Each structure stands twice: as structure tokens, then as C-alpha cells.
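Naming follows writing order (A, B, C and D), and every chain is counted from residue 1.
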């Protein structure tokens, strides 16, 4: 039984068919990559998954429950976390505060007036956050203001913020876009470790084939809003349709 | 804990308490005088609370000049001004009851909160025994209520709303200035005489208390002489461009426009009215007329040429020929180089009246002073014979009906007196419905501490 | 019907004043990203340009008049105007009469100068500061400017009439087949409306058809990119500030005969002009103009006796009510761009 | 102390000390001396200091933490004031129920305004709040005169007949706390110094200390972090499973309740309400207090409030005579020149001084008065550190 199941999803923007009859299953405990040329509808699909867009038709079911019509924060509370193309963190806050926010969100839900309790006394949450920071090797930066860190560190922080919520599904939107080579390698390593040690289910949207083939266990190729093929990485590599889709893009 | 509600710095300020290094805590309430801010042996302090910022700052500045002049005269300086013409001769230019008159100043900002803050600081910090001044009825009512509570006397400055001595009257508060009712009573006969009795009036009224009482008064008195009120529209206080209120007037069947506006509102609405050609227009076969119930010379200056030929009322004008007015204009003009405004006049007179009442009462105790002021009749302060009525603490005196002058001889010569309406004609019963009816009471006089 | 036409005329007139002020405010905001709380003060300074010029033109020396006495009984002084000494009686009087239109010429260099000094001396240092700091410093500046004016000119309104030639009203209704006196409209207000239209058109044309304007528009859309192109945007921005100040100033000069200038008129207009700009949409020049006219016309309608009879107090709150409705139905005002001043 | 860190406890103790000994601190000059003009230790002004302190503390919880700039907070203060005065007029002259009503009514009103206004952000939000406040002002001034008293506002009258314990002798009731009147004062006279200890002040001050304490707790709470997160990145909040709007709305309502408390206390101290309390300039004033003192800091808003109220009440009262008194020691010509030079800045020119101060502070102290304090503290510390290397602690916010 798939953890996330997308069935017959359509989305039009005016005259443009952004998604056309998309079917996709992400199985529990796998890393599923969605690739495709620019304008293939990858981002639209992702926005549908996190509740930012509502499709015209079709269904999206996560763990037996429909996510359609739910707001982003509700979908997160169901267990889906999202990593953005450019790291979305709380830039003005310290690293530790950045970590505590998802911890509180996980424990207290979407809203709670814990206005009088002191953060210092939330030792459970602090421990949890510290453990996670340790895991991503950022414990020494806990008091730094998030905005003052390098791009790579911001990415790790964002990842840590998602993981500390122990999501059932981690959505990654081009996590290495615009990164230097070394940072990309580091990120791949980090993701691999997470995947291995935590066994978290991942859905990744990516341009960089290097990243895709080092991480993915299943790959869906999207073109013009429709899934072209879905298969294992090895099979995808040699698939003629994929070459066509990408070569087509390369010519442009 | 002592029960003194307001403190009495006056005693200390004179240095009477030099005392040992560490005096015991004092319960000042236990002092023998029994009233708030009893002055020391050599000085007494008044609080002059006038608008120094905001739209009425110029009026406030003129009030302050008048106060300074009054202080000078009471302390024996200058030419004595109205002290020489005042019918009561209790003041002799040696201060008040042998004490030198000092004063403190404050800024009302023409906001009741700020005015009360300023007045409280005068009472609590400076030991003022009397508060006076102001240029709006909202402020007057607010400060009057404060003085009632604190147990000091309030001598209102420029406040024209009926409420000040009507439904909001207070035992510790006194108004020398005239009011909306009197404006109506004085103006209506002149209007009837000049414009006839078959007139249809259109009112534009500033949308707040003073506007309401003025409109009510003018309507009542003009309808009594046969006028008809075709419409009355309320305008927001913050309005600057009145075109959308003025434009429909000419076509409404009215032949008189009454502008129940004051200050900047009056300047702007009158300017709009003149621009829209109302002054030259014809309606119902008669000349269209504009009436501004309350004129002030300072504001008339702001309206410039537009006021020419327009009728209104005013409390006092420097061109009055009686001895008192002349004496005041002379000392004010000599000191400052221009003639005083009606606000200056009322403030000057109020200060003298208070000082005189203290002297006649032989005490600064508010209740004693109030008693001396109540039903006090005097003359020689401009506006002829005047009565400070005990029942509502309103002064009754002649009211001036004025007209914007066609050929002014100087920048101060803007209004000409059409008629001096005798006091009998503007008299009313203390329980007049416009003045709060039978319910309005002064309450008990409060000596404070 | 005639009443509705009258109120449309009023609304256009009021609207053109709102639009002019909002236009300047949006120029500054759109190009420089500065929230300028001193913009109302610039409008006020413009009005006082008219006052100052008319005072200058009617400056005089005094000659004692043996036949008259002043209020203290001294010989009265007669004013002799210098312009009449120089240009002769009739021409001198005409010059004094035309003080307000002349003040437009006077105010443009003055206001551009004021704008330059403000931008170079103060605002420049606040481009990178938070909006809160910009608000505080420009608010402080507005207070200082108005207090300086108050120190010299007092607090009372100062009547600054239009030339004699523009006094009186046009019987507008006659053209439309109404009887005489049905729709009267003062000449000066018509002049004000057409004048505003010209200024607005000129500003738009300037931005649309000159290369300077194109760069500035590009800067409004994306400041960083333009900076990357190596264009010295700073100088242009200084000029834009001067231009915005001049637009506010000229609006003020022309408004002087309609509402007598006083030192705090800027504060009276400040809140209103922000409402107009925001209703139009932050950073949108056409939006500011459209909102100015929309609010002007609606305000005029709301003041009609029939309307006020049905909804008492509507004339007090119409502007704010409309602002709320528009902002709730159109998230960024009439024509606002996404992401401008939303955080 | 009270669940605060050592740092915060120190700050709290300092504030308690300042507030309790304010009658001494604010009256440094002996009575009758030329400098006595600058004494601020009289009940009205001390009350205003703490009341506007509360107002600004509450405003800072919204603006300083979430970054949402409300331009209509004076409306909540005004509504609270009206609620309180009606409680005094109709229910009881005891101020406590009045203050409670003020908080409740202001809270409810701010919920409605916040719920609508928070549909937009940035300047659109500011203008929505401004529009609500201006409508409240305009209506209170005119159409709602039967409820608000219009321009003249509301005061307690001798015709008022509260349900519980009104005066029976026809005198005007006074606001009290279980019989103790707000105006009660105890005066201490040491040499030529006079210190006034006013009951009303200490009651208002107690509320201010509670407000300040709550503000520290909120700053240090998970809720406080969430509010700062709202300012920092709402998108991330959404994708972290949180609802920024509900957090912001809560902050809005809390700060509205603080404003209501301030409004209720204003009525308790001085039983009068006027609509201009809700005018946009009053809303602007609290914005400026907060920025001037230092937005987002604990102490800043209180300092800003004190600064502005001091200018308003002390500088505006200096007049020409007082100047002549001050400079009397100079030779005549110089004295006149000095007076002529200073005169435009005091008395009726106090606005000018205020405007100049705004500009100077924001130009030279970008973080507000608090930053000024920190710079001075840092200077001291540097000299001190030379002797004791670890003698310094991080300056309190």
C-alpha cells in the first residue's frame, strides 16, 4: 500500500494544462524522484501535494486520508514536511530557536497559547532539538543567528527542522539547486545518511541527474504535465522516451 | 493615607518650610486652610491653560498676552487697564490680598486629555489656585469638571457652547463669554430686520456638541421670527474642502445659508460658499445671504475678503467705545502693538473678576470666591452692565451683532458693529431646555482638600 | 440628476487634489522605497509658497496718513506697495492679484530644491533602514517643517485668493440643458481640475517616453537589476525626489485659494494621502490616480443630504469604509503589485 | 525569581526599583529652585508615565515581535476608556470592575478588528487598522454622541447613580479602590524637597509592573518565539504545521487588551474620556514611543513613552518668564539673546523640540533609546573590564 497516492490529478491555469491526469504512488520507505524538463509540471505537482494549489480534479491520498482542500499547515500536521529550493528558515532567529519551532509544532499542534511557560523549561524539546542538531553536525552553531550562516548550513538547518518533526514523508524541492559542487556532495551525503538511518520516505524533485541517481529508488519522469514513465533508476537511464524528453529540452 | 486629593505646593514654594534636614512626613490635609493649594503669604499662582499648539494656537497666544497683561495690572504694573474703569474698586494694584500674583502656563492642544493633563500639572505641581483659559467647549467642559473635582476655581476662556453653563455646568466653574443661545437671541431680530421674515434657511453644522447647540439656538430663534429651516447638514470636523456641502445649497430652495462652523471650518466653508457664488446669488426672488453665528476677528482674518457684508455675533470687539473697552485696548495695544481679540478680552476680564472676587471675599477658598462671584453685578469691563448669574455661573451682558466690514482701514479692522443687543434680550431662565432643562445643576461647590 | 452631476464635479475636483498628492507619494515610494511621512508637509510648503510670494509681492512701506487715526489714536499708516512703485499702480495691482499663478513658477524651483536637500541630506541615509525608522525620521521632519512655518506665519489659516479673473462660477448646467443656477461651478476649481490633469499627464508622459523615465520605471520594478546594469540610479532617484516634491508643492500652490493654507494642513492630508496610495495599490502610479478620483467622488456622494439622511455619519467614514472594502476584496488595492510592502 | 532568568530578574528588579522610587527619582530638584521646572514627580505625570508605558509595552508585543505595524491601537485604548467610565457611572465607583471591563471590551473589539485586518499584511494591514480607528474616532465624535458624549466626552456627574455605593449627598462620585480614592497622596518633605506618593500612581504602577512582567514572560515563551517566527518567515511556519494568523491574532488581541488596560487606568486616574484619544495621532504616538525607545526590546517602549510624555508635559510648560529667571545671572544683553534663542524650542514650540529629537534619535541611535543606553553601558563596561575581565554581563534588552 502506497504512503502517498496521486490519482488522475488535473490542473489548468487558463489555457495551460499544467498537470494532465497524473497518477503517482510513493511507497513507504523509499526515495521516489520526480524528474522532468522545465515546465513539466514538477513544481505544480509539489504545490498540489502540500496544499498550496487545489487541483481541478483527481485525488491525493496520504496514508489513507485525502489531503485535498487541506491547508499547508494541516498537511504538515499529517506528517508531510517540505524542503524548499532556497532554504526557508527563520532567518532572524537563532539556530536553536529555528529547531524548537518545529518541535513545538509537532507537540502542540497548529496553535497553542503557551505564552507564560518559559522556553528554558522545555527540556524535552531542547534535548530533542539538540540531538537533531548533533545529527546534522550543527550543535556548535546553536546560538548563531540563522541568517549569518552559509548556504549549505542553512540547507542542513532546514533539513534538520523538517526531520525533527519525524515526518512520514519528506518532500524535497530541488534541494541542491544553485549549490556549489562541494555543497551538493555534502547534501547528497546528508540525505543518504538520513534515508539510511531514519528510514524516512522521501519524494524528491530534482534537475541534477547526479543527485537523482545517487538517491532515488524509484523515478517518475514528468513531461508536459503527464507522467511519461515510472521505473527504477537503472531502467530510466536507458529509456528512449526519457532521452527524447531531455534531448528535446537540450535542443531548446 | 491622607485624604488630600490634590496637593498644596503653594505653601512650600514660598519657602515657609525650610525645616530641618529630615522633616517628619506631613499630612498636608491637616493644614488649617481647608482648601486645595492655599497660597503662601507672599505669592499666589494662577494657571493659564491655553492652546499653544494646534489650530487654535494663535487664539491661545492672544489669550496668553491678555493674561500677562492682567497679571501686570493686578500687580500694579502698566497703566492699570480696566482696573481704572471696573465698577468694583477692591483691587488696588498691590496683588491679591497682599500677595504677588504669579502664573504658570500650559498647552491644552485643544484636546481634552492634554488640557486636563496640563491643568492637573498646574494644580499638583505648581500649586495653582485657579485655572483659566481654553479655546473650545470640549476643553472647557473637561477642565471645568477637573477643577470641580480638584477643588479649584475654573474661569472659562473662549467657550461658546451652551453646555459649559448648561447641562455641564459646575459650581466651581464660571463663564464670562456668551453662548449659543445668546447668539441666537441677539442675531434673530437683526436678521429679520435686515433680510426680512420670509426666509428659508439652510444650515451647515459642524458635527459636534458646539455645532449642535448653536444650530439648535439659531433655528429656534430664527423660526420664532418666521423663518423656515429647509435643511440642516452635519459636516465632519476634519473636513477641509466644503465644496460638496456647499454645492447643493443654491438649488435647495433656501435663500439663507447658516454656517454653524468655527475656526478653520468656518474659514474653509465660508471660502467655499463665496467661491460658489452664494454671496452674489439670487434665490426665491431675494438676495442670497450667508450668516456666520459666531465670528472671531482672528478667524475672520483667515477668511479675508470673504466675510464682507456677512452677519454674525461676537462677544466683544476692540472698536467698542465704552471706557472699559477703550482702556483695555489702549494698554493691550501699547504693550503688543495690535488690538486684542475677543478671546483676549474674555480672558483678561476673567482674571480681573477672579482677583476681585478673592479680594472682596477676603479669602482664596473656592467656595468663598464662588459666593463672591455669584450674582455679582459689575460694569466698566466692556459690554456694559454685567451680571454673573448665581444659578448657572453664566455672565449676562450685551451681545454684539457684527458684519464683515466692506472697507477695512487696517488689517484689524474687519468687523463693524451692527447692533449692540441689550442684555435683557438675551436673558433666559437657568432651566431653559437648551441649557439642559431642569436636570442641570451646579452641584456643590468644592473646596478640595 | 443635477445634484449628482454637481457631486461628480466636486468629486473630480477633490479627487484631483488627492490624486496629485498620492502621485508624489507613490513616486517616492515606488522609486526609493521610502515611506515618506513628510509628504503632507511638502504639500503644505507648496501652499506656503503661494503665501510667501503673495507676501513678497505685497511688501510695502508705510506712509503716515494725516487724516486717519489708528486704534490707539496715533496717525494711521497707509501701505505703499513696492510693486506699485515699480510697475505703476495698475500693473502692480495686477501682479499682486496674480500672486497664486505666479507662485507656481516660484514654487517649482523652490520645491525641487527642498526635495534635493531632503533627499541628499536625510532620506538618502534611510534607504536601507527599516520602514519604521523611515516613518519616524520623516514624521520628525514633518513636525519640524510645520513648526518652522508656524513660527513665521502663525497657526491661523491665511487667505490666499485666486486672481480676480477666476472669481465667480461657471453655470455648467446651462450647457446640459438645465435651468440657470442648477449646476454652478467655480472657475478656479475647474482650473484646478484641468491643471491637475495636465500635471498627471505630464508625469506619466515623462516616465513613459523619456529614457530617464524608462530607467526610473525599470528601477521601480526591479531596483537591483538596474543597479547591476551600471546605471547610476542614485542621481536619478534624487531627481525623482525633487520631482515628487515639486508635484506636491504645485498641488499645494493651486490648492491655496480653495483651502486657506495653515501650518498643520499637511498633517490633515497625510493620513488621507496614505489611504489613497494604499487603496490604489502600493507602487502603482495609475492606481494612485484612480484611487484619488474614486475616493474623491465617493466622498462627495456621501456628503449629499439624501445620503446622510439615510445613513447618518456616512460622510464621516466613507473614505475609510471604502478603503476597508477595497482592501478586503482586492488584496493589493486597485492596482498594487505583489510583494511590495507586504511584509 | 518568578521563573525569570538571572538577566531578566535583574531587569525586572531595576524596573521595580525605578517605579517604586519614581517619586524621588523624578523630583531631583528642590522646590522653588529654577530647576524645579524639570521635576516630573507629581501624580498626574507619574500616572501617565506608567499608563502609556503599559500601552507601549502592549503595542510592542505586536509590533516588536510580529512586525505587524498597527496604526489604530488608540481605538482600543479609547474603547477601553469608554467601557471603564460607563462602569464607573452605572455600576460602581470602584475602579477594578471598570478596568476589567476595559480589558474585556478592548479585547473583544481588537479581536474583531484584528480578525478582519489580519487578512492582509504589511502596509495594507496598517491602513486597515488605521481605517477602523479613524471610523471609531469619527463616529464617537459625532453620531455616537449619546454613548460617547461627543466632543465633550464623558465625565462622572452628580446625577450619576451607580448600582453600588454611589454618593448619596449629591456630590460628584470619585473613582476609588475599595474606598481609597485615586487622588489620595502622602507627601514627604525633606529639606526643601517635596516628594508625593500618590495612591493612584502606585495602583497604575502595580499594573504596569504586572504588564512588564507578562511581557518578559511572553518574550521568553514558546509563544514569543512563534511571534518572532511570524515576523521572520510565515511560509516556513505554514509548512511547519503552524498557523501564523492565529498567533498574530492572539498577539493583536493581547496588545489590544494591554491598550484597554491603559485606557481603563486613564479613566480610573482621571475620570474623563474624550474621543480625540482615538484620533490617528494618538495611534501614531504609541508607534513613535515604541520605535523611539527601541522596538522589540523589553524596556524600549517604556522609555519611549516616558520620553514623549515628559516632553509634552514639562517642556510645553516652560514660558518666557521662566527663561528669564534661568538666565538672570547673565548680563542683560546676553540674557535676552539667550532667551530669544531658546524661546522657539520651549512652551508653544515644544513640538519643534520633539520633532528634532525624533530625527536625532533615529539618525544617531538606530535601535532607539535602548541602544543609546547600551552604548553608554558598553563604554562603562570597557573601562570596568580593564580591571575585572568578566565583570560584564550582556546588557539587558
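The rule is short, and it goes like this: a contact is a pair of C-beta atoms (placed from the backbone, for glycine too) under 8 Å apart; a residue touches a chain by one contact, two chains touch by 3 or more.
The model shown is predicted, which means the values in this text are computed figures rather than measured ones.
S.K.: Name whichever of C-D and B-D has more C-beta pairs touching across its two chains.
M.R.: B-D
S.K.: Using CA atom averages as chain centres, what separation in Å is found between chain A and chain B?
M.R.: The separation of the two C-alpha centroids amounts to 74 Å.
S.K.: If you average the CA atoms of chain B and of chain D, how far apart do the two points sit, in angstrom?
M.R.: Taking the average C-alpha coordinate of chain B and of chain D, the gap between them is 33 Å.
S.K.: When the C-alpha atoms of chain B and chain C are each averaged to a single point, how far apart are the two points in Å?
M.R.: Those two chain centres are 35 Å apart.
S.K.: Two or more other chains touching the same residue: where does that happen in chain D?
M.R.: 138, 141-143, 351
S.K.: Give the residues of chain A that touch two or more other chains, as numbers and ranges in rising order.
M.R.: In chain A, nothing touches at least two other chains.
S.K.: If you look at chain C, which of its residues touch at least two other chains?
M.R.: Correct list: 312-313, 316.
S.K.: Report the complete set of touching chain pairs.
M.R.: Taking the chains two at a time, the touching pairs are A-D, B-C, B-D, C-D.
S.K.: Can you check the complex and tell me which residues of chain D touch chain B?
M.R.: Touch list, chain D to chain B: 31-32, 39, 42-45, 48, 138, 141-143, 145, 150-153, 155, 158-159, 169-172, 174, 180-181, 183-192, 194, 196, 199, 266, 270-272, 274, 276-277, 312-313, 316-317, 319, 321, 347-348, 350-351.
S.K.: Sort out for me which residues of chain B touch chain C in the complex.
M.R.: Going through chain B, the ones touching chain C are 53-59, 61, 207, 231, 233-236, 238, 240-241, 243-245, 247-248, 250-252, 264, 267-268, 271-272, 275-277, 280-281, 298-299, 301-306, 318-319, 329-330, 333-334, 339, 409-410, 412-413.
S.K.: Name, in rising order, each residue of chain D that touches chain C in their complex.
M.R.: 63, 67, 69, 116, 119-124, 127-128, 130-132, 134-135, 138-139, 141-143, 280-281, 284, 287-288, 291-292, 295, 344, 349, 351-352, 354-359, 361-363, 366
S.K.: Across the complex, what residues on chain C touch chain D?
M.R.: For chain C paired with chain D, touching residues are 35, 122, 125, 129, 131-133, 135-137, 139-144, 146-148, 151, 267, 271, 274-275, 278-279, 282, 312-313, 316-317, 320-321, 323-324, 327-328, 331-333, 336, 341-343.
S.K.: If we count contacts the way the header does, which residues on chain A are in touch with chain D in the complex?
M.R.: Chain A reaches chain D through residues 50, 71-74, 76-77, 81-82, 84, 88-93, 97, 100-102, 104-106, 108-122, 161, 165.
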